[in-house]
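Below are structures written as structure tokens.
After this come two complexes, each holding chain A, first together with chain B and then together with chain C.
Moving on, here comes the complex of A and B:
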């Protein structure tokens, strides 16, 4: 009974937050499917009255959407894979270090994030340009790793910490060697944390603007293309692109949210 | 206790990652560019279409060069070019750049001296556009297209209240007051976003009163700020958010009835949003004269460009009369050549006439090292005097001191 009452208040309390979060998304969507006469008036209505697919049709047939979409998709995926591949072993090793080493080391990863990105972006971009990495997926993915790696290491170190060392010892007793332990015991148990870190890395790259601006010449990423339409296009182009940019984020978050559950390790040592 | 078998979740996660990896490998390959003339411009979609269909092909055919188009807004262009220049890998051969954002490129040493190409500039060129591309006597940019802000007004609302578009400061004040009294809210807009947009409008008021924005405490500046302070209570509340971009939204949603802005809004408001009731004229004059900050674009070639020869040829081509006439006809851009005429669509003509008339009063913003300090002073004075109601003369005297100190430091 007490639990039900708490749940009711919890849901009621989260309602305003939900509305505040969804309102901009709704407005974006509304503008993207509204005729100009419905939006460009002194008192635009809140609800949807006349729905038009014209702006979406224009977006999907313009030819200006697919190259940036593909580039963003590929760069975000490379960044995610790179971040997990690089951060997972580092985070595991850090998680098994003694406390007095662990936290200073983890904090040191954030040193690069202490300086504003706008200040770091130019020298980083200059170095990347010297290496000939302009307008390449590799260059952009590497640049995105600069900002994502510290957080991914942080998340994964926290995840590996929760996996009891006793499990690894048990596996060793059963005849597993070091790599087998990592592959068959540690990483599967860390899957929810890995999913969170992967999701984070993907989203960070998907939305990233500053490095993309410096390192893209002929092919924009989707955020750059959206910015282009905000600056140069009509209100409807901007809203349609912004909605399109937000859709994959929602889908991926929805798809991976089941990995965000706590309690996966409960009972791991049972028996 | 989880209702789902963790092993199946892990399997699903692994499969998803594997699938994504396959997708990346499948789609990842990309051909690299060959030897092309890379041209960086900041254009809208329709403008790029005209470039790709009507401007680039004749040049490509004649010179056997492929023009590679790079979209970059003026401030993005500066960042990209500075980065490429510092890296020693310039990948852009030619740029067309906003005349209000040239100093940073010159200060960074990015641009090539084009003084040897001075003879390529036609005699019919607007002298202000040559002046704007000249730094310390050297020509770094050649003229391409001039631009000035025009004044948009809601013709139906003006007719409803029996008003005429204001031609003087007194009329501007009267119009602003009339709208405020009639509707309870201001309908006249200035660019008051407290950034470079504001400094451009303030500069125009100062020049119109015979002042000097580099001094700020002279009689003209005092007169301009006194007028702005008088106008302040009747301004639209949207003024605080107004810049070159948001002004179009305020006009389109009829939140304001009178606003000065760049002419690109014509296509957006009239052609795309169908707001035919929004008309335009050149603007109003101050106690001394009418003044509009000269905007527009000029052509430059970065140092270290890979194809300087074809870039110079392309620069000459862009300045040629046929190209300028195509730009007038297809885009409604006024030409920097007084001998280039185009054919405009009927609906475009009154707006084009407004631009041409405003161009007569175009004033070149002076080349000053550290222009950002001037912007800061103009915006700061605007904030305190217009928004804060501070006394005009002492406030301007203080900003004059600050500006002189800052400029001395920079020198």
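Moving on, here comes the complex of A and C:
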């Protein structure tokens, strides 16, 4: 077949893709373990000549890591829990609506993902200042939900749709009332989908920058702390912090890989 | 009947919290952003177009507007071309398919800040791109990549491409995989070579996915914020960073809101255009 004859060239074509994708990642990792003499010169080296742990030691011992790390971890966790609590019931109800209602509704929720953050973050920051929510974990988690919720509803509605209504009906015949059906029939079947959605929500909050920038006065999140080192021009701190940020992300995306579908990607992650 | 009523009440109760949340934290702030942009900061008069007048007279705004349009139009076109190439390669891989897929997905999940840091290392004046060009003998003195103008645009395009081409590639890959093999077989029987198959079978059938990729990316691209903030700063303002600096550096929430509203209007026009295209050709949008 014609396709197989070309196969070699297509495989060769994957090499530049791999190289260009991995090169920036490699450089970041390399800088995080390189002595300054190899990096802060007019002619930096590409290879790993001398490996040093000094930047990583500085990251772990300076004490600047822990407060942002704790804030990022907690805000991401609150965002995840809040997203599931708000989105799961709504997604279930939407999944059981007739077609002509379902998609317009899901799409209109999605509109809130398309809002420019700089437009919403400003009034939210002003309002939070009045409510005393500025610079708090709760406030930031509430802001992160703006971006995260529509997406989580989207994934969960897809999950609940795959659970046949017939199962619920037979449970009803067996005498379950609706809440029992939800708890004993629907929820266990939906659990994997809920877990995927929860991880996505966590990741979105962990990665988020713009709302954090508008809503934080004294306590940085990890992405903000990284940005702070970027402004100061500390290349090595930026490298270790950025790597530190990237590690959980890579683990979670690797775990979620097979759940990534084009539909999810539609609104999933932005540039 | 009461059973049915109960059913609707339960549905309502389940959707209500989400609905209220989005109302309070998305719809209301958005509305106040527009109101803020129409409020005169000095006298609190409403409605007033003063903020827009100030903004439109400002050189930075004109630049930011142009920069945003260039970045979006060039960025989205390049992303679609490159994304299509990556998707075609991914579809045809037999050996190492899972590995290449995983690598291609990597930039997509990473925080944008991290992508920004990586591209600083590449494009700073003592960075790796300059060193690479120097070793090739193409330059003798380092190039200041983020000086502004076309070079800054190029740097931002590279960073954007690196970060988001995977999104486009995976949307298009799903589209490619949904084209049944039998269509190609029929085309081959009719004597169509690889190139004609691509041009007359693949591309037309891929149109819904292409349209979706373009719109999804365009909406995101207009909002670009973190990469210009980190990589080019003041030398290459876009609407997002302009709105930010109006508020944080000049302490003027009113012009900041006006800049954000302009951005919002562009995005709304973009969504409107997409819906128009969808409803005009209802079969293709699904």
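Basically, the second predicted complex is superposed on the first by the 218 of 271 C-alpha atoms of A that agree within 3 Å, B and C clash if a C-alpha of one lies under 4 Å from a C-alpha of the other, contacts with A are read in each partner's own complex, and residues count from 1 in each chain.
Just so we're on the same page, a contact is a pair of C-beta atoms (placed from the backbone, for glycine too) under 8 Å apart; a residue touches a chain by one contact, two chains touch by 3 or more.
From a predicted model like this one, the values you see are computed outputs, not experimental measurements.
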- Once the shared chain is lined up, is A:106 touching chain B (first), chain C (second), both, or neither of them? neither
- Task: Based on the superposed arrangement, let me know which partner A:149 touches: chain B (first), chain C (second), both, or neither?
- Result: second
- Item | Residue contacts on chain A - larger count, chain B or chain C | C
- Of the partners chain B and chain C, which touch A:70 in the superposed model: first, second, both, neither? first
- Of the partners chain B and chain C, which touch A:185 in the superposed model: first, second, both, neither? neither
- Based on the superposed arrangement, let me know which partner A:239 touches: chain B (first), chain C (second), both, or neither? second
- In the superposed arrangement, does A:163 touch chain B (first), chain C (second), both or neither? neither
- Message: Per the contact definition in the header, classify A:126: touching chain B only (first), chain C only (second), both, or neither.
- Response: both
- Is A:95 contacted by the first partner chain B, the second partner chain C, both or neither? neither
- Message: By the touch definition at the top of the document, which applies to A:41: first (chain B), second (chain C), both, or neither?
- Response: both
- Considering each complex separately, which residues of chain A are in contact with chain B in the first and with chain C in the second? 40-42, 44, 122, 126-127, 213, 230, 235, 261, 266-267
- Going by the contact rule at the top, pick out the chain A residues touching chain C in the complex. 2-3, 6-7, 10-11, 13-14, 17-18, 20-22, 24-25, 27-28, 31, 40-44, 46, 86-87, 89-90, 92-94, 96-97, 109, 111-112, 114-120, 122-124, 126-127, 142-143, 145-146, 149-150, 153, 178, 203, 206-207, 209-210, 213, 223, 226-227, 230, 235, 238-239, 242, 245-246, 249-250, 252-254, 257, 260-262, 265-271
- Task: State the interface residues of chain C toward chain A in the complex, per the touch definition above.
- Result: 7, 10-15, 17-19, 21-22, 25-30, 32-33, 36, 85-86, 88-90, 92-96, 100-122, 126-128, 131, 134, 142, 160, 162-164, 167, 170-171, 173-175, 188, 193-194, 209, 212, 216, 219-227, 229-230, 239-240, 243-244, 247, 253, 256-257, 259-261, 263-264, 267, 271
- Task: Mind listing the chain A positions that touch chain B in their complex?
- Result: 36-37, 39-42, 44, 62, 64, 70, 73-74, 77-78, 80-81, 122, 125-127, 129-130, 132, 134, 136-137, 188, 191, 194-195, 198, 213-214, 217-218, 220, 228, 230-235, 255, 258-259, 261, 263-264, 266-267
- Complex interface listing, chain B residues touching chain A: 1-2, 4, 6-7, 9-10, 13, 16-17, 20-21, 23-24, 27-28, 30, 33, 38, 42-45, 68-71, 73, 76, 79-80, 82-84, 86-89, 91-92, 245, 249, 252-255, 268, 272-275
